[in-house]
Amino acid sequence: MNAIRVAVIGAQGRMGAQAVDAIGEAEGLKLVAALGSSDSLEILRERNVDVAVELTVPKSTEDNVRWLVEHDIDTVVGTTGWDNERLARLEETLRSHPKTGVLIAPNFSIGAVLAMRFAELAAPYFDSAEVVEIHHTRKLDAPSGTANHTAQRIAAARSAAGLPQVPDSTESDPHGARGAVIDGIHVHAIRQQGMNAHEEIHLGSSGEALTIRTDSHSTSAFMPGIVTAVRSISEYTGLVHGLENMLDL
Amino acid sequence: MNAIRVAVIGAQGRMGAQAVDAIGEAEGLKLVAALGSSDSLEILRERNVDVAVELTVPKSTEDNVRWLVEHDIDTVVGTTGWDNERLARLEETLRSHPKTGVLIAPNFSIGAVLAMRFAELAAPYFDSAEVVEIHHTRKLDAPSGTANHTAQRIAAARSAAGLPQVPDSTESDPHGARGAVIDGIHVHAIRQQGMNAHEEIHLGSSGEALTIRTDSHSTSAFMPGIVTAVRSISEYTGLVHGLENMLDL
Amino acid sequence: MNAIRVAVIGAQGRMGAQAVDAIGEAEGLKLVAALGSSDSLEILRERNVDVAVELTVPKSTEDNVRWLVEHDIDTVVGTTGWDNERLARLEETLRSHPKTGVLIAPNFSIGAVLAMRFAELAAPYFDSAEVVEIHHTRKLDAPSGTANHTAQRIAAARSAAGLPQVPDSTESDPHGARGAVIDGIHVHAIRQQGMNAHEEIHLGSSGEALTIRTDSHSTSAFMPGIVTAVRSISEYTGLVHGLENMLDL
Amino acid sequence: MNAIRVAVIGAQGRMGAQAVDAIGEAEGLKLVAALGSSDSLEILRERNVDVAVELTVPKSTEDNVRWLVEHDIDTVVGTTGWDNERLARLEETLRSHPKTGVLIAPNFSIGAVLAMRFAELAAPYFDSAEVVEIHHTRKLDAPSGTANHTAQRIAAARSAAGLPQVPDSTESDPHGARGAVIDGIHVHAIRQQGMNAHEEIHLGSSGEALTIRTDSHSTSAFMPGIVTAVRSISEYTGLVHGLENMLDL
């Protein structure tokens, strides 16, 4: 089998530089282009790229991905900023290129993706569920997108299983210690110097608890997810939203 | 729909007494018999029992279950002591009663069953995997059956995915701190006053970790599993080994 | 040495009944009276009680303790409801009985008391500090008194060491995921079926974390603290507030 | 007050390079020399160094420290390899330089040092105690020196308090899951890809648990300890063994 020919767009950023290394070392993948912000996408055509990894910035990502789809290059996108409007326009473009696949993944940590999926699978069997996330102290928003999404998926799984609201007798909470409530699930955000990105999902019933914790100590945590996505994207067409769709669960 | 008519055999034991309460309170189930060690199984025929819960002792369980199968009563077994010979004889008996189902479950904690299943699903995506179990200080054997079984399933999942041995550079370990090695997976057993039954599965790759923890604080942790099994056993025939086969995973 | 003669007041309550057992079994202690709500305190004089353990209800505790001090019986109080006014009146009474000691302890869990003390000692060495508490779902208030008190002591220790506010860049937290802020320290309260009383203190600096966790699985967790207090109270006079003052730290 | 004039010896190593940065940024400290392996120690005399930080390799450290003491320069040593013979020789040298202080610290992580101290303080109050350490997969020995030392200090504290052996009913442990036994305390070592250096101390009694965890995510975790030691060493004379002696506990 020929190696998959891969380009990294945004190769000078932190994630991009690590992706260049990870793809360079991964069996079955061949890095044929590493583009910085001043390089032309035309290089990708000259080098017969099979899969592009887009790791730039929110203001560039939509134009880049449109160009890639129009040139029928399967694409793995790790840049944020894909709101519903952008996704709709992308799906429109993909309709005219039915053989091309694009993965948009808000989180390439396989641990985080598995944790969310397991939380969803386990939720119907427990009375209580809460989410705690811990992040570095430079983070601007709380809770994290991952914690928010985890709570939504737990809520949906509980609802589908016919579970009632989580039990809670709190009558007095003058300072808001019970945290955020996302679709009925309480979410707590800790900001701690020396930490990176961490999530803990607490599930409980009479006499027992199940706790799922995921730790991303550094951006290197995202590389196995990116490599997995690059290897798999050619088997997909259209828009794939979330790395979990590519794991064997 | 008529309530399922349930009998508990071994109703005077600790687990049995709790099962009597749990079944009495569970929607859709009706407790119609609670047998102690001196009661005759004939009572079950008189009371038209649909499902029997067998929670006695290793020396009685095989005779009880054979009688139940011969009388076509679906059975949920929580008693230990079912070695391969006993299982083979039970399967033989079940062949002449093709409509009857028996669940033999070494662990009715839904949390523990889910943890094992999730460990198995996640194992192919991580370089490292180890298991730690914590139990009360009256436990005679180490590691626990659940930890042993978890290690075996992680090992099988890694092997099926083509993963190599876990990375380990240990050259000097004079006192055995690296613990037991079960099918290549290290297993550690802690004995701690005040604890009951707990398991922690550690999975790690460069930059990330996934940790799955299950706590059974008391035997009440087993009741949701028993109730789930009683509700589901009529949909099965033959021998079902392990509660995980009845969960929607 | 003669055994210390102990009375339990409030012996029919949950804590009281366990205290009766714990004192009955403790070396060097002799249980000589176990009073229910209809028994007269006069019994204590007849039985030459050295130490009383007061485990009744908020509305009775002040009258009981005043009577005990007036009769020069050293007292260990586990009942809640001692606000500043009550404490002031008690100190007034104690002034006329200079040989008598009273311990008022909001928490008899030695683990919880140690955790608070360690948090206070460690706080000056870390940039970040947050508190998470987990309690059963019947709890009416959030956060717990222990978590509240822990945050206050961390804040005081940081302040005494000249530390600035904890670092936090949060700009957007629409649902309150950052939790309660007690004296500048964030406190989070989880309510989970199957849990009892638990606290986790997170301390962090660049590259490192220190986490202190205390779990009280049942009221039996309070018995070692009560026994320790009963053994030590005769060495104290006046009001002692908090079990930590009796531990060798 | 004049700034303390500091030299780093071994400035080209990983720890040394970080120490150069940390000292350069620390208030009240002035980095006046950063020596590599080919530089002469004579530079330290020319630059009037107050405190030297020795971060070289086991084969050089003893000669370096002897030279520093002979030139009356207070010294903070982070290099390993100081066995009892070397320590004895160093104390001999220090006797002729009674105003000079040397700190030899096996661990500069303040979190790890605090965790050990807290474990020792708490140990007398709990029936059970075990230690778990987690390290990266390149580590050659198990258990870690820190875990070994923690177990010894817990054992000594238990012994001083008159506690019996930890309760343990294990009769069957064919694969060694109960781990290493150091002075009667069980120690478990996990090796996990993506982790760095972590320790968890488990203390338990009937109904309760106290868990102390310390995480060193990177060598940056050692810098606050080094800076604290550089600031304090001038107040000491002779040999100080262990950073804990310089913390306010």
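Letters A, B, C and D name the chains as they come in the text, with residue numbers starting at 1 for each one.
In the analysis below, contacts are C-beta pairs under 8 Å (C-beta built on N, C-alpha and C of every residue); 3 or more make two chains touch, one makes a residue touch a chain.
What you see is a predicted model; the values in this text were computed from it and never measured.
**Q** Considering B-D alongside A-B, which chain pair is linked by more C-beta pairs in contact?
**A** B-D
**Q** Please compute the C-alpha centroid of chain B, do the same for chain D, then give the distance between them in whole Å.
**A** Going by mean C-alpha positions, chain B sits 45 Å from chain D.
**Q** Which whole number of Å gives the spacing of the CA centres of chain A and chain B?
**A** 34
**Q** Where in chain B do residues touch two or more of the other chains?
**A** If we look for residues of chain B contacting two or more partner chains, we find 126, 194, 205-209, 217, 221.
**Q** Please categorise the chain-chain contact pattern as a line, ring, star, complete graph or other.
**A** Graph shape, chains as nodes and touching pairs as edges: complete.
**Q** If you look only at chain B, which of its residues touch chain C in the complex?
**A** Contacts found on chain B: 194, 217, 221.
**Q** Under the stated contact criterion, what part of chain A meets chain C in this complex?
**A** 126-128, 130, 132-134, 137-143, 147, 166-182, 186-195, 202, 204-209
**Q** Report the residues of chain B in contact with chain A in the complex, numbered from low to high.
**A** Interface residues on the chain B side: 109-111, 114-115, 118, 121-122, 124-126, 203, 205-224, 228, 247-249.
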